[in-house]
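Take a look at the structure set out below.
Chain IDs A, B, C, D and E follow the sequence of writing; residue 1 opens each chain.
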């Protein structure tokens, strides 16, 4: 899994039916010291996050292993909020 | 998922039967501020897009989770049009 | 999917049984203007290609979605020849 | 698989239920001479490791092939401790 | 698939049960002219290789499509020895 910071929402009107009930967040990845990098991913939210949260991202088929993400054709999901003391 | 801009079609006469009914688009990826990069992918269209549309791309096995893409041996599908106000 | 140019064959005498009936091609990837890059992949041929052909490559589990590639432990298959006018 | 060095824990209070029983480690990848690089991954522990251990990381669907990791929506697992003499 | 050169063994005493019967090799990837690069992978051996052999590597779920690798939580397997005349 990778670490990222939630930086915004992705708005979409025309989308596949399965994507309608989920929230799409733009998440920038961080390095191993939790500093934000330019790389990013659009991930669906499975736990309820907000802007600036540090989160854990699962990519690939594992991103569809939650009740919320299972029917969605995603390749990235937010699966945990990170509470490390040095963030 | 990643964000991309539809820049053209890919034309193919000799192809596997499963690819015949789908449209192949050349999509250039963007950075987190929606600026187009050199990296690109060839993705099948599952929602009906046109040139210059900003779109969401799912890669890997998740790209075959739609009715249109399920029987196709693709590894990338366009799954949503992006309507963010800052694009 | 990615775009590549067929540049040669890969010869192998000692290989797993499932690889015996398939042809292995060395394919160099191209950029979005069809210019050949240094990156490459070894892909199995599912449509019948020849040297210098521009082709479409599917990677990952999608590469095993054709009759020819299904029983093969490949992670990359040539699935279409590209006939764009600007190649 | 890739080689990495365990450098710390990832603390998470709000997380998906399946992640609760597992330990999340921050693992920095190494090069082919076992020197630590900046790249890293957050992986679940399936064998019982500690800080500074050199470990083997499996990514993708293979990371869910152990009893501990099977029900978890991870994309990276620690599957072995490395005992090479030159580490 | 990718091309690599077998450069050493990975020794592991503490590992998951499924990894015990397989041999783990450190394989450095090559470029398209068979020159060794710094990038590498740890792969399991499914054909019987030795040091300095040039080999074909399958990554991802395809790496578990052989009798030897099927029960193993690997993400990379050596599936062929390469015998190209220009190596």
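The rule we apply is simple: a contact is a pair of C-beta atoms (placed from the backbone, for glycine too) under 8 Å apart; a residue touches a chain by one contact, two chains touch by 3 or more.
Note that the structure is predicted; figures quoted are calculated from it, not measured.
Asker: Touching both chain B and chain C, which chains are there?
Answerer: Touching chain B and chain C alike: no chains returned.
Asker: Chain B and chain D are the same sequence; what rotation (0 to 180°, nearest 5) superposes their CA atoms?
Answerer: Fitting chain B to chain D on C-alpha positions yields an angle of 145 degrees.
Asker: For chain D versus chain E, what separation do you get between their C-alpha means, in angstrom?
Answerer: Going by mean C-alpha positions, chain D sits 20 Å from chain E.
Asker: Roughly how far is chain A from chain C, going centre to centre by Cα mean, in whole Å?
Answerer: 32
Asker: What positions in chain C touch 2 or more of the other chains?
Answerer: 60-61, 63-64
Asker: What graph shape do the protein chains here make by touch: line, ring, star, complete or other?
Answerer: ring
Asker: In which sequence are the chains arranged about the ring, given a start at chain A and a first step to chain D?
Answerer: A, D, E, C, B
Asker: Give the list of chain D residues in touch with chain E in this complex.
Answerer: Its residues touching chain E are 1-3, 31-32, 46-48, 56, 58-66, 69, 77, 79-85.
Asker: State the interface residues of chain E toward chain D in the complex, per the touch definition above.
Answerer: 7, 9-16, 18-19, 24, 26, 28, 38, 40-43, 60-61, 63-64, 72-76
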